[in-house]
Each structure stands twice: as C-alpha cells, then as structure tokens.
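Presented sequentially are two complexes of subunit A, the first with subunit B as partner and the second with subunit C.
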Partner chain A sequence: MKDFILPNDRDLGTPAREGAPVTLTIDGFDVTVPEGTSVMRAAAEAGLQIPKLCATDSVEAFGSCRLCVVEIEGRRGTPASCTTPVAPGMIVRTQSAKVKKIRKGVMELYISDHPLDCLTCAANGDCELQDMAGVVGLRDVRYTPGQNHFEQRAATGANPQYIPKDDSNPYFSYDPAKCIVCSRCVRACEEVQGTFALTIEGRGFDSRVSAGGPKDDFLTSDCVSCGACVAACPTATLQEKSVIELGTPERSVITTCAYCGVGCSFKAELNGDELVRMTPYKHGKANRGHSCVKGRFAYGYASHSDRILNPLIRDKITDPWQEVSWEEAMRFAADRLRGLQDTYGKKSIGVITSSRCTNEETYLVQKLTRSVFGNNNTDTCARVCHSPTGYGLGQTFGTSAGTQDFDSVEHSDVVLVIGANPTDGHPVFASRLKKRLRAGAKLIVVDPRRIDLVKSAHVAAAHHLPLRPGTNVAVVSAMAHVIVTEGLMDEAFIRERCDWDEFTEYAAFISDPRHSPEATALLTGVPAEDLRAAARLFATGGNGAIYYGLGVTEHSQGSTTVMGIANLAMLTGNIGRKGVGVNPLRGQNNVQGSCDMGSFPHELPGYRHVKNADVRAIFETLWGTEIDPEPGLRIPNMLDAAVAGTFKGLYCQGEDILQSDPDTHHVQAGLAAMECVIVHDLFLNETANYAHVFLPGSTFLEKDGTFTNAERRINRVRKVMAPRNGYADWEVTQLLANAMGAGWHYTHPAQIMDEIAATTPSFANVSYDLLEERGSVQWPCNDASPDGTPLMHVDGFVRGKGRFIVTEYIATDERTGPRFPLLLTTGRILSQYNVGAQTRRTANVVWHDEDVLEIHPNDAELRGIEDGAWVKLASRAGDTSLRAKITDRVSPGVVYTTFHHPDTQANVITTDFSDWATNCPEYKVTAVQVGLSNGPTAWQREYAAQATQSRRIVPAAE
Partner chain B sequence: MTRATHPETAEMQAIIDRHLGMEGPLLPMFHALQAEYGYVPAAALPLLADTLNLTVAEVHGVKSFYHDFRDHPAGRHILKICRAEACQAMGANDMSARVLERLGIDWHGTTPDGDVTVEPVYCLGLCACGPAAMVDGRVVGRANSDRLLAEVGA
Partner chain C sequence: MSPEKLIRMANQIAQFFHTQPGTDQADRVAAHLRDFWDPSMRAALKAYAADGGQGLDQLVFEALPQL
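On to the complex of A and B.
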C-alpha cells in the first residue's frame, strides 16, 4: 500500500535478510546490504525505488510482473531485481533505455486489461498500479479494445470474463474487475497468515484469484479475515469497505490494539477525527506487520449506538437510570462511598482494575483504593485468568511474566502448546508460530480438544495429547518423569543454573513409578506411548519452547501446572536464550500491565508485598498518605464478604465480572448485596445491571497511555480522537479521587508513567520520551538493562537459582458422577473477544452469533441430540441452554463452549472451585449433564427480563 | 470406459489413499479419480485437502490449472481435436467445424445421448501427421471428419 504518512514505513519490495555485508553499485551509488538481500531491496535501501507490482516486503519475491527488470553488468538479459540476490561488486543499472522500454511495454499490457476509472476508484491516491503507470511514464495504450475482465457487457452481450464484486466479507470487498493477478494476496494468505484460503484459479488469461473452492466466496472459504491480503493488494481489488465509504485517509497515528495480549501495533488512519481504517504497523515488534480480524476490523464498537456517553446514577438497582452531569455523578458516588466507610468501616469498599485500560489508568485505580479509600481491596481480572502464572513463575524463576519476546519463536525447534488455542485466542502469534512450523519446527499439543493447530493446512502436530480436563498436572509430571527416568535432562544446565539439592529431591519425587505415563494413562486418558514420545521429542529436539494459556491456569491446580511447566523448561535447559522459554499467552491487551501495576490486593506496583515497610514507604512519601500493611480482598473474597454483609461498595473499571466470573448466581448475589456499585465502562454491561453509578468510559482510540503485552512489551497507546464521553478513563478516576478529597492533579498520562518509573525498579528508565524514541520497550528497563529485556534469565534466574518444586497431582473436587457425567471445558473463538462487549457490537457476529455446545457424536447419540438442537446444559451451580454442535474435535465425555454471549451465560454453569494458591477459578472443568430442551431456561428468561428492566434510562431534563 | 455415477465418499477416499505413498501425490490422485468417474467430483476436493493437509483452495487451484481435469461427467467417448498451429495449417478448423456440426454440439460439449464429448487440445506432438486428434486416449493422425465420427461411432 502507498505510504502517505510515515517516511520510515516504505515498502522495500522484498523481506529483510541477515548475513555478511555485501557491497554493490546501483546507478553509481555504493550500497552495502546483508548477503541474500535482493537487488530491489538494496536499491530501496539506497533510496532508489525500482518500479514493481508483484513484490512487497511482507512476502517473498515472486518475479511475475517483470516491471522491476534491471541491467547488471556482465550478465545476460534483464533479470528481475526482486528475485536477483546481490553479489559483491555487482554493477546494476535501473534506468537504462532498454529496461525503461520493457517497463513501459509491461505497463501498457497491464493497463490494457484494467478499467480507467481512477477518479472514482476507491484506491485513488493509494494505488500502486496508478503510481507505476506514472513512474514508467505510460502515456498511451496502443491495444484496441478486445477481450477483457472489467467490462460488464461486451459488444456481443454479457462479458463471460466479467466476475461481479464479492461483498460477502463484512469488512472488505473483492472486485475481480480490478485484479492484475500479481498473487500478492495469495502469497500473503500463505506466508503471512498461514491460512492458505486463496488461490489462483485457472491459467493464462483465465487466471483469477479465488477464495476457497469453486463454489466459495470469501465468507464461505477458509478466510479468517485477517486483512493481510487487503494490505498486500496493490490495487482496489481487495479494499476495505470503510475506505470505499469514507475515502482515502490522510493522516495516521501509531497505536496499540486493545484486544488480546499479543499487543499488535497499528496505524490508525484517519481523516480529521474520523477513523477510516486500522492497518498493522510494519515496525510493531509484537506483530511485525500482521493483524487479525479483531484488531484490523472490529473497532466499530467505539462508535456503536449502545455506547453510553453521559454519567448515570440511581438510588436502587430496581430504579431506572438517571442521566446526570459528571459533577453530580462524582458527588453522588463519593458521598455514597464515604458514607459506606463511615457506617461499615474503611475496608468495606474496594476496586477492580481493568486489564483493558492502560497501565496509567490501572495505576491510578489501585492508588485510589490504597491512598484514598485507605485499604488494599484491589483486584483485577488477572485473578480469573493468569494469577497462577504470576505465582508459579514467581516461585520457580523469580518473575511473574513470560521469558521471551515473540520473535523468539523463529528460533524454536520444538514447540509445546498446553491449554492454549493460539489460532483463535492469539491469532497473530499463531501465524508467526505456524510460519516456524512450516519451516520444520515440531509441535506438541496438550489439549482436551483437537484445536486447529493439531491439524490444519501445512501444519500437523507431531503429538496431540488429548487429556481429560483437570489432569494437566498428571500429564506434565508424567513428561518430567520420562525425561528424568530416561536420563534426558540437561544436567549441566541444572547444575549451573538451578538449586541442585532441590533438584535431587524433585528427581526422587518425579521418578516414582506412580508418575509414569503408564500409571497415569487411565486417569489422563493419554496413551502412555504417545506421552513418552512427546516427552522425548521435547527433551531432545533442540530449542524447546513452551506456550500455554488459560487451559493451564484456570484449574484448581493451575499454579501447580505452571510450576510443572517451569520444571520441564529447567530440566531440559530451555531457558535463557532465543527459541526457548516459558511463555504464558496472556488473555487481555493489558493483563500483564494490570498485574505489574499493583492491582493485586497483596502487592504494590512491581510485585512487592504490602507487608514490606520499605516498599510502602516509597509510596507513602510520594503520596503523602499511609498504606495499610494488611493485604486486601480478592474478587471472590469481595463477593463472599458482600453476601456476608461486610463489603458494601465497589468501583469496577472496564470489566464485566457478572459475565466473565464463574458461578454467575454467586456473583449476582454479591453485587445485589452491595450498596454502591460503580461501573466504569463503554456499555451498560451485565455487571451494570447491579450498579448504582455508571461512569462512561473511553476507548483506546480516545486516550494516551501504555499497554504491556504478553512479552512484557510496553507499547504506546495514542489518542487519535477526543473522548466521546468527555474524559479519558484516567481523568474519570482522578475526578472520583478528587471528589473524595484526594487532590490529584495529573494533566497527562506521561506524568503518571513518571510516577510509576520513580517508584517501581523494573520500570525505572521507562518514560514517554524513551517510548517515543524506541517505539516500545520490554521491562525490566532500568540502569541494569537500559534497552529493556527481550529475554529473561539469560545469565541466571532472577531469583538466583532456579527452583524445582514438587508437583503432586490432586484431583479437583469437581467430579463427574451419575447426575453430571460429562466434563465441560470453555474457551473462545477467533472472531469474538472475551465477554463480547466489543466484538458483539461489530460485524464480527457474522462468524459467531451465538455460543454453541460442542459435543462428541457418541455422547450426542446417547442423548438423542442432533446437530443444531437446543440443549440444556446443567451443573451443580446452575443451568442454561444453547444449541449443540456435533463434532469429534472433543473427546467422548467432554463438552466445550465459549462464553462470548450473555444470552447463554456459560458461567452460570461454572462452579466456585478455584486454584489453591491464587483463587483463579476452575473454568476449565465443570461436571455437567446435557439434555434436549425446547429453548431458553427459566433462569435465562428471568435474567433477560431483569437486564431489560435494569437498562431503562431517563434522560436528563433539558 | 468410465462410470459417471454419484461417487461415494468412502470409495473416493479409497482411491485417494491408494496414492498416499507417492511423492507429489496430488496429480496422480486427480488422474485416478478422473479415470474412475470420468471427472473429478467436487466432493473429492475436501477429501484431497484433508488427506494431504492442504486447503480446498489449493487443491482447486491445482485442478483448475489443468484443463484436462473435468468437473462434470464426460460422454462415453472423448474426442480431442488439435487446434494448434500445424494442425490448423492442415485444415483442422474446417474439420472440427464439420465434426461439431454433425454432432450438434460446441467445444467442450457432450451429445445429448451422452455418447461423445469433444474437447480442443493444443498440440499432441503429432504435427507431422496433421490434422491430429485423440480418441479415448489413442492418437489419430491425418484425421478427417468422417474418420473421426466413425471412430466415436457417430
């Protein structure tokens, strides 16, 4: 695509190479580039743009358009510069009379089969074909009209070559009339995204781009709508519908996606304050120019009519909402909270910070509770996702975060994916992983469900261990057992880097035959031979990297599994260099950041316990208030205390605990028992049905700040438009704090970051100036590592010696029995995100408009369930109903669903069992029964009625 | 010579699986399917994709590149007439016009009784004996319309 804003964002034609420097001469200029670089890229790096159509630097050179031909001294003919690698001393001429004539001829042929409607074309001003016609000086097309692909009607009737536009994808259109068959889209789909949904159908003049098979359109094909083809298209053939509607954007701002924990960098492209499109930013270090359907296209929620833009208050949750001014809302909220503290005590109120808001906003919310409320009642949604990661990795390695950057996967030889579904949950990382797998790396998948990675185009797992939900610890321990008993561990690494005494104790424990794959096979359902083979592959296959997700953490033994994973990495010496490591795939855009910022009740920013007086002193001096040395309440404790009548008020920023937290009935009861629930969000979410104050939130497009992604990368979020609700979220928190007498006066989030840097050692050198200069930086970033830390534990573990911890498998108390014979596990889908508050309000619903229950054909047949039938899903905690989807992706005895839709409320089913160390709920294992039903359950109907009732709004008097 | 029936999934899969051990098995699989059914059934594309760990798009791309792979059943006899330069110089155009007229069909067409399908081909490597044609896989040199019609029994 044309680069109309950022000079450093030019398309260099072919991908970068690494290698020894080679010097050549192009048009009389000496250029030095790495060996293997194309002549085209070398020229571009010297500032000389060789005309091109089929080349772009996101995909390998193809050499089909013949526009980039050059002359090279001593070589015959006119080689294509994109496919010709540089050689020392090469003398290249890019503008000889001969090549100029060839280029003109090539362009003339291209244009002879292209409509000349440039002025009304959606790509006008952003079209490489147009640019190249200009560059080669095309002034005339000598070919007379004949067969073509672009005229709807030929002289003798309908033009058989004309194919109408395919508008089936909600976000972009495919107009074959404009296609020059350069194959950039096909190659982007293959090389960048790894989906292989596109092909060139036919040959010669009949060649056409085709999505899927002969009868498919873009929507019915395998296309995942990542937008890589649209970005690669040099013409208007694949074009964002938003550009067709709104016109070519004139300015762009680099910012960070607000969906998953990959943290992709994007260019927000705008006209004035109207967002025209989001395109992935090539220099973004997490995504390297790639995107998924959510970040690329699903931003429409920001301007959705459901967004609440004025503050709302009400006396009781049965009342309708009253629109009020910000002042009145703040006064109301502050008075209520202070009133509750006066009546029920200082500790009767608390906050929940958001993993979707910025670091600065999260920091302020925890500061609000610690400094203004005077207690430590702060928690965050990481409680319900990756808190075991923090605990487990903290105990074993000494830091609560992943060890690698995403680039690391390019150096992995064996990748172990446990309890994660990257192609749906972390799609951009999945594309990078698949690229490495296509290059020959081996894959081991540990998951109860046959996720796409197990087998999809050009990717097949060497081993898939389909374990029974809840037996992670047994499987991970059995792998360790094989490695230890077969002597496959890296003893040198263990002796040097880990505590040897602890290792010998661990080795004795894990060598016990009761941990052997044979002994645990009945329990886990994983055939012993498969498990042994997988363990051997991981231990001996070269650089071994572990990536895991919520399928590891959201269990009663989540923390134990995390420790088991850390043990595996230490046993095999896979820590501290590229291509290895332990990598939690974090769920939300800033869940890493919200943990870093002291959102947990026992930890001040930087994971330092509140009981430590020296740490408290740092903040007490700066804030001028005293900090309670006692840890506060976790989310489940807050809800328990609310039901018990001792916890009365909650400020909940950007999280929908009613839908996302387990055991909905219990959450409902807890919220209903509170006297002041303040919800700060974009929409009247499910939690807001129980709120007394609603403070409108701002989107990531409307504020400055930073997000920290799963690789500890601190990325800038930049304001591209004014907040539609009037205030950025950090300003709203500040208003509330000041209404309660805090006297804060931040005028820009940069000042908040300065405060974080001043108080938190791992952020010591972070500042907006540094981020402006570097683009992004990975913490720890301080005097010891001023450039940040892409790889952790390189020369030694943060805690000193790596610590092996004994991982005893203890079965969860949640068990199947005659009444609830099946195990439910939950997950998510590519097009929807978390509770769906954002993605349900975009065209992404065309891919997933309801949650469905995946059930194995055997289990379905036993119950007389047909595909698409309404079924009732019941557990000890509650019941709901949804449609069934019969599939052998799940094993017999296991059912699976997503939790994106509040009409289903999958979490009414999940129980209040949780991780022993961190209270992370056991979402992934619930004993259930499934039976036919005729539609929504009584509970679903009541819930829907209550939600409608609760969302009534009385507008403010004019 | 071919069975133009509705192919069963299991049967197609069996044909596909017979070629699994080969290097580069996709084209042989297409040939085998076409040999069995006279065309490559659309329902075979997902089977091929799944077996070879490709996508339907890729399989479709390969199949559509080769004009020889049909997507619908052909007649009992397949007559391919060369339309390349050498045969045109020897009167192939007139000859094929007469054949098509007698059969009452156009290029790629099949007679209503399902007897004959006529397809163009661009060079059979038999330029010395033009005009050339191919009847059910057997090349015919120095062809004329009567002979070709007789060959296909029309």
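On to the complex of A and C.
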C-alpha cells in the first residue's frame, strides 16, 4: 500500500496563465511567472502563501474578501493580490505591519458572524476560515453579539436571518449558518461546471447563496450535483454528507473513475480502509479538477449489501445457487468448459471481456480464450457501441484512435456534436466544452432530440439539425456536398495529406445533386438552408472539431457514418493539430482499453489481425500455445450460434448482456441454450439469471491496474482497500485459467502490463514506473513517441495518405408502417450509468428511479396519452410498459427512452438489425407503436418472476 | 444462424461495396467476409449459396469462390 500524492496539489489561489515570463520580487525573493499571473499565484509558486478566503485556483479571482491584500512599492493603498497581475520589476511585500493589521480586522469581522463550534464542525481540520484565523493570529473578537446569520434564535425571538440547513441533496448539505459569502460555490457552478444553478441573492448583509428560485432547494434547482461547489467551499457550508458522518479523511490515493470514458482522476480519501469521499484530482489531465455526480458521489455500490462475495454454482438455471469455495467453483467451471469442448469442439466456448475492468484484466481474458480455450471467440461491449469507429476510422485514417486530447477543445472554434449527449453521457467533457462555447466558439448539434447543449445557460447552438433517426449518412453527406460544391474545402491539405485520386472520385460522387441538402431534406427532416449554413460554418469557422457518440455508430450504416465524419474532417483540413479532429466519445471507462487489448475476435492486442502470422508468432512464442488464424465469433454471432446449438459455454466478465444487448428475447434464448454460462460480476445481474457459475468481482477501489480513456490516456487505477470478495478480477481469471491447466503465475498487474508492452508496439514504453512518474500517458507510447501522443496524425496519417471513402445512403430495413408508426431511439441520463447495475445501487435514484418514454405532445394527444400515464411500447421484437413523459425535446414521430432499469428493459423493444461492417446493433432506430396500458406487460411480469426465482441462494453449510 | 439473418448480413456488406468505385467489389466483399466472419458463418453462407442461395446479392455470389 502506497499513498500517491503529487507534491504540488496545493491551492495556488488563482488559475494558471500562459504568457511571456515576467520577473518580480516578493518579500525579497525573485519570482518569474507567465504574464497575466496574479501576485497571489506568483507568491504561491515561490512558496509564499498569502492569506485568502474568496480565491481558489479553480475559478477566476473575485477580490471580495480583502484578506489577501499586499503592499506594492510605488502603488498606493493595499491592492488585493488575487486580482493584481504581476508586472516586471514589481516589488511586493506580503507581511507588512499594515497588511497584517488589515487582515486581522477582516478576520475579526468574518468570525463575528460565524458560529464557533469548530470542534464539532464537519470541516474541523479542513476549514480555510479556521486556517486563516490561525494564520493572521486572530486572538479575540471585540464585537458584541448582534445581528447575525447563525443563531437560530435572537434575543427577541426567532432570528429572521437564520436559514435552516438544506439537506435535500443526497450527497451534500448546504448550511447557510456557516456561509461567509465568498461566492466560490457560485463561481465554480458557473465557470467550472457551467450550469449556473447557484447565485448570490440580496445585497450587503442580506447576501445569501441560493440554488434556483425562491421556492427551490438544491434538489429541485438546476443543480446537477457535480460537487464543484462543495470542492470550492472553504468552510462546512457545502459539505459532503459522508464527511459529516464519517469524519475528515486522513489519507488519500490517486486513482481513476470507473464510470464513463472521460476517465477522470480522483483522490480517494480514506480513514483506514473506509472510503470517506472521492474528490476530483486537480492534476488529472482528462478532468483538470472537475467531476460529475457519478464519479464524485455514486461509489456506494462498492459496499452495497447486494454484492455477492462468495462464488456460486448450480447445475441448471432453474436451481437455486449454491455457495461454494473458490476452489470448488473453479473446478466446476473448468470441468464444464473442458467437457463442452470435448463434446462440441474447441470453438464451442468463448468469452466476453469487460469494458469496465482494467486493461490488465481484459488482456488476461482474451489471452484465456486465445491461449487456453484455443479459439478467437472473444468480444467486448465495444461491439455494441464503438466497433464502427474501429472500422470506419481504421479504413480512412489507418487507426481507430480518437485524434485529440480533451485539452484540445480549448482551441476549437467550431464544434460539431453528432449523436452524442455530452452533458448526460460525458459530463466533465461537456463542462470543458461549454466553457469554450461561453468564450465564443460556435456549436452545431446534429441529433434527433433537442439535447441540453442546444440551449442551456449561456450556451446556445448556432445550428441544431434535428434529423430523423437513421439518416445520419444522408446528413453528413449533404454537409460534404455543400463544402465540395461551394468550394469550401481545404485543397492544400487534401493534396498534401490525402490520396488525391480517391478524393477526386469522392468529389465527383458527393457533388451529385442527389446528395444536396435540398434533395435529402424530405428524407432527413433537416431544412436545407439550416444544413447549408451549418456546413459553411464548419468549413469556414476556424478550427473545427467533431465529437460523436453512439447516435452515430449504433445504426445499420454506423461504419459508413464514421467514414463520412472522417471525410468531413479531411475535406476541411481539420486533422493533426490542437482544436480540431475526430473524437469518438467512449461510453464505458475502459472501452478504449478493452479494444486496445485485443478483445475483438479478429484482432490481437494493438489492433493486429489474427491472420498475420508474424503477429501471431509474437504471442505464440511468449505463450507457448498456437493461435487460431481465423476470426472468432462476435457477441451477436455467439448468441446466434448458441440458439443454433453450436456455441455452448461463455465466460462473461463485467458485462450484463441480457440488459444491455438488443432484442432481449433473442439474448435470453441464446443464454438459455448454453450449458455453461459463467458470470463474473459485482452483483447477480440480469445475465446471471441464466448463469451456472457466478464469480464475485472486485470494484475499482479494490485492485491495481490501468484504464484507458477516450483520449487514449492510460491512467492508473490504485488499490485503496482489499477486495471484499477476496480476489482482484485479474486473479479470478488467473484462477480459472490455471484450473484449465494454463500455469500462469502473475503476482501483480504490473507484470501483465510488462507483457502487453513487450508484445504491443503502441504500448512498448508503457510501464507502471512510467505511469508513476508521468501520472498518465497517451498511446502510442514507444521509442518513436516516448512521451506518448496527445495528438494523432500530426505530420501524416497513420496509414500514410488519408482515404476518402464514398458514403452512399442506404436506408435501414427497419421502417415505420401502419403497425409501428413511430421511431424509438434510446440513450442515457446523467445520474445513471449504462445498465444501472452500479448507479441504481446509489442515492442517484433520487434523480432517475425509472425509465420513462419521451413523446411529442402531438403524438401523445393522438393516442390520448397524458403526462405520467402508463403506456405500452411495442415493436416487432417485443413489448414493455413504462410511464410517458410529454415533451417537445423529441420531434413528432420520434420517441425516446433510457435503458437503465431492468424492470422496463428497453432492449426487449430493440431489434437484431446491425451495422453492415461490424454487427454493432441498431439501437437507435426501432419502429414502434405506443398506446395506453394498465401497467407492466405479461412479459415484464414473467421476466420479474424468473429473475426472482433465479436469484435464490442456498448458503454454504457451516 | 437463421438463413434470413445470414442473407441480410451478407447483402448489407454487398450493398456497401456496390456503391464503391472500382472494379474489385467482389474481392472486397470476400476480403471483408474473410476478415470479420468466423469460418462457421462463412461455411453456412457457402452452403446456403450452394443450395441455390435465394435472396443473396449477386456480389455475394461473385465473392464466394474466394472464401
């Protein structure tokens, strides 16, 4: 166990600046800092901490507390050091008799209106007000008791200034009695998070922090519970409830969030092995000190009573589970898997690697199938999310990698967001994007729904193109048509960086009038003039960056749209520098890593096809086993083969395919047809209802490893407590492999990373030592790029010349008709994550405790549906029921829901149609009908009954 | 796997390569199937085609000899 804190984690008072060096003298020391830096920060960088209350380096200086005053030679008065920029030759005194007297006076006033209950206060020992009182040497308060904000009762009755504590948010409390109105929370909400939920109400002595309108509390306000205000608060006014309950943490460990693909760095703060809180780590290069409600607060699932801590086995899925020892579970699983291979052949079993587990764990699971099972039947959750990115960008640029780091957005002038909803799905990136938009960058949103980015506080899209689901290719091609036919492309870039012959073919294709916005408007539903204006803006507005999500990939033409996006970036020369690029926003924490680690059935680690004998030889030599040169089965193919009776056994780590994969009936049938399903997870998830072996998993807090985020950034995950189930997940996989005769003997994940580096050129220089030294690194990281690669394709595309690929629109077979006249599209919500297995087991359910169906008022009225009514949602695949929410965020003809709750099971509606190149399911387009209903459908009741029956556990005999 | 699904998946691939310039579309369909389809799926497709292959895109037929 080793605590890992970088030495410069302290608050420097005001944000960093970039600029020419300026040298000044502070208290006799020469200091050189970039132009624009505040005197306060310059002093802090020299190790001189000027007392402060309203300043913190996550927000711009405000100059309200007057505690940080200094004297500057040649200037009158005592300027605030936080708002005074440095100047060459400036001579600053931070501790003169004059400023010391002022500071003491300021503190005396603050303390005169603050309760002196320090010993029983939740911020005791972690309170800047307390610290500052100490620093300025405040020894007595001369003011007699009078009007104040903290006493419940005044001499003459109730104190009208007293506002009781607001405990409405499940994770933090707001206690106005302790507030010093420094405004740090308000500024954090605006500048860091960009929600503008908080404000200062009233003036002078009446000034109070307020969330929303007069009748709002924190929960009913616009607050998204990101925790930025809590982190910024210098007192106990905004305080984590966990700290109130458990006390201030004594140690902290830097680790990486296990939620979305942004990959935020956090400090896990603990006492002993009890986690007290997670706070965003300032030097995390993905999040730069920010967080969202999931990573910051929703970690309670790790200690939830639903966690299964002992292995379970059963003969048939209709039997109750038997608790057994690890040894017995492994013997049972290994015997079954080997038995299946003996009976049905080597290729009758396979694995699904987890996009939530670490790189090292994923690497071992694919190694298990390739080296121990002897086949390539390995796939991962990316199959159902970003596999078209792999294919599309691989074809055009030569690598599936996202091209930028998140810092890049600070240099973008026009941002095109297609089929992504960052404020819900990738909230910390969304905050960084919104910051840039508030600074003047333009935004184009292509989405069937009016997502929050289209219009929210101080952010508005220049163009929202509300396309009909399934017409992405037509819209992207129409944009390219405008750019080419209006001569807006960057010809110099294309000539230098791309294959010119392919470009001329493409230009001839895309110039055809059938691709014009006017010709496709009826199909896409996007007004031609809007589309033209958006295309012109993207092509001519400066640095253009494209961010996209599953609204692009999860279509029958997902791969084609990705290629269309790559075409747009190449046409406009928006590749290879800061502020531009093609940026797939990845869903799960380590979906990038799971792809890198060779989880796909056709690729060994590092995206190298199994058909290449030279690549196979690298692994064959090291592993001492032969590798099958043919691609294996993808997840949908495994399920099809199971129904057909040829695929019989599955080891599924950290993935809940029954809830997350489309066409639930088909997934159920596939799982039910298998003879050995091994689920390795924290909870008895939905897939476990069809499992024969359950192996308890460990959380990200309980193991060492690495996650790779959407920027290709390899971040360390550090073990902050022992695994409650006894083993880290990589150890569990090793136990299974060894039970099948593998003879592995890894003793630490660092050894697995060494093996990855030794076999995979893009990871060649990655090691735990390097990660300790650098904090994180973006692959490729090898002798050619020893510092890693923040930006891809800087001097040329990975494949050499960029390839333009013809992108003809081909309508999906999934079409509306008289029986199913509406189009369903699915997505997710801020407070819940993926199938909800983690977030449903936290207080996040206060924001979202059921999936609802968004429906346009016109469609609702036609069907007699009122807001909140139970409705039945049916497609040709199945039906379910849920409550309706009437909103014009969706267009007429389109309905929308989330898939976080198994009792709704939105995927019983989605179909088995998929992307032509990759089999990525077409989640985003399903023809449906909606009608009034009385409650759960017969299928939902049967499903719930089966789940209850399947989750019975017989404890082990004592 | 049901023949309908096999036909749809193969035809989707063929549809894409139909739209691509050049004269090597059948080769590219074959290459795609070799790179991404498990041998049992390719065998099932070949068997279905040998059986008449009703509903299969012409380009799929042209690609089959290379599988």
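Observations, loosely collected:
In this text, the second predicted complex is superposed on the first by the 951 of 958 C-alpha atoms of A that agree within 3 Å, B and C clash if a C-alpha of one lies under 4 Å from a C-alpha of the other, contacts with A are read in each partner's own complex, and residues count from 1 in each chain.
The criterion applied here is as follows: a residue touches a chain if its C-beta (ideal position, glycine included) is under 8 Å from a C-beta of that chain, and two chains touch if they have at least 3 such contacts.
If you're wondering where the values come from, they're calculated on a predicted model, not measured in any experiment.
Of the two partner chains placed around the shared chain by superposition, subunit C is the only one that A:810 touches, whereas subunit B remains out of contact. Judged by the touch definition given at the top, the superposed model places A:393 against neither subunit B nor subunit C. Counted by residues of subunit A touched, the larger count belongs to C, out of subunit B and subunit C. In the superposition on chain A, A:372 contacts neither subunit B nor subunit C. In the superposition on chain A, A:884 contacts neither subunit B nor subunit C.
Legend: residue contacts after superposition of the two complexes on their common chain; A:455 is shown touching subunit B, with no touch to subunit C. In the superposed pair of complexes, A:678 makes contact with neither subunit B nor subunit C. By the touch rule above, subunit C contacts subunit A in their complex via residues 1-2, 5, 8-9, 12-13, 15-16, 19-21, 32, 34-41. Touching subunit C in their complex are the following residues of subunit A: 347, 376-377, 505, 509, 556, 560, 601-602, 609, 611, 630-634, 637, 640-641, 643-644, 646, 805-806, 808, 810, 813, 912-914, 916-919.
The touching residues of subunit B, counted against subunit A in their complex, run 42, 45-46, 49, 53-61, 64-65, 71. Residues 195-203, 210-216, 221-222, 455-460 of subunit A touch subunit B in their complex.
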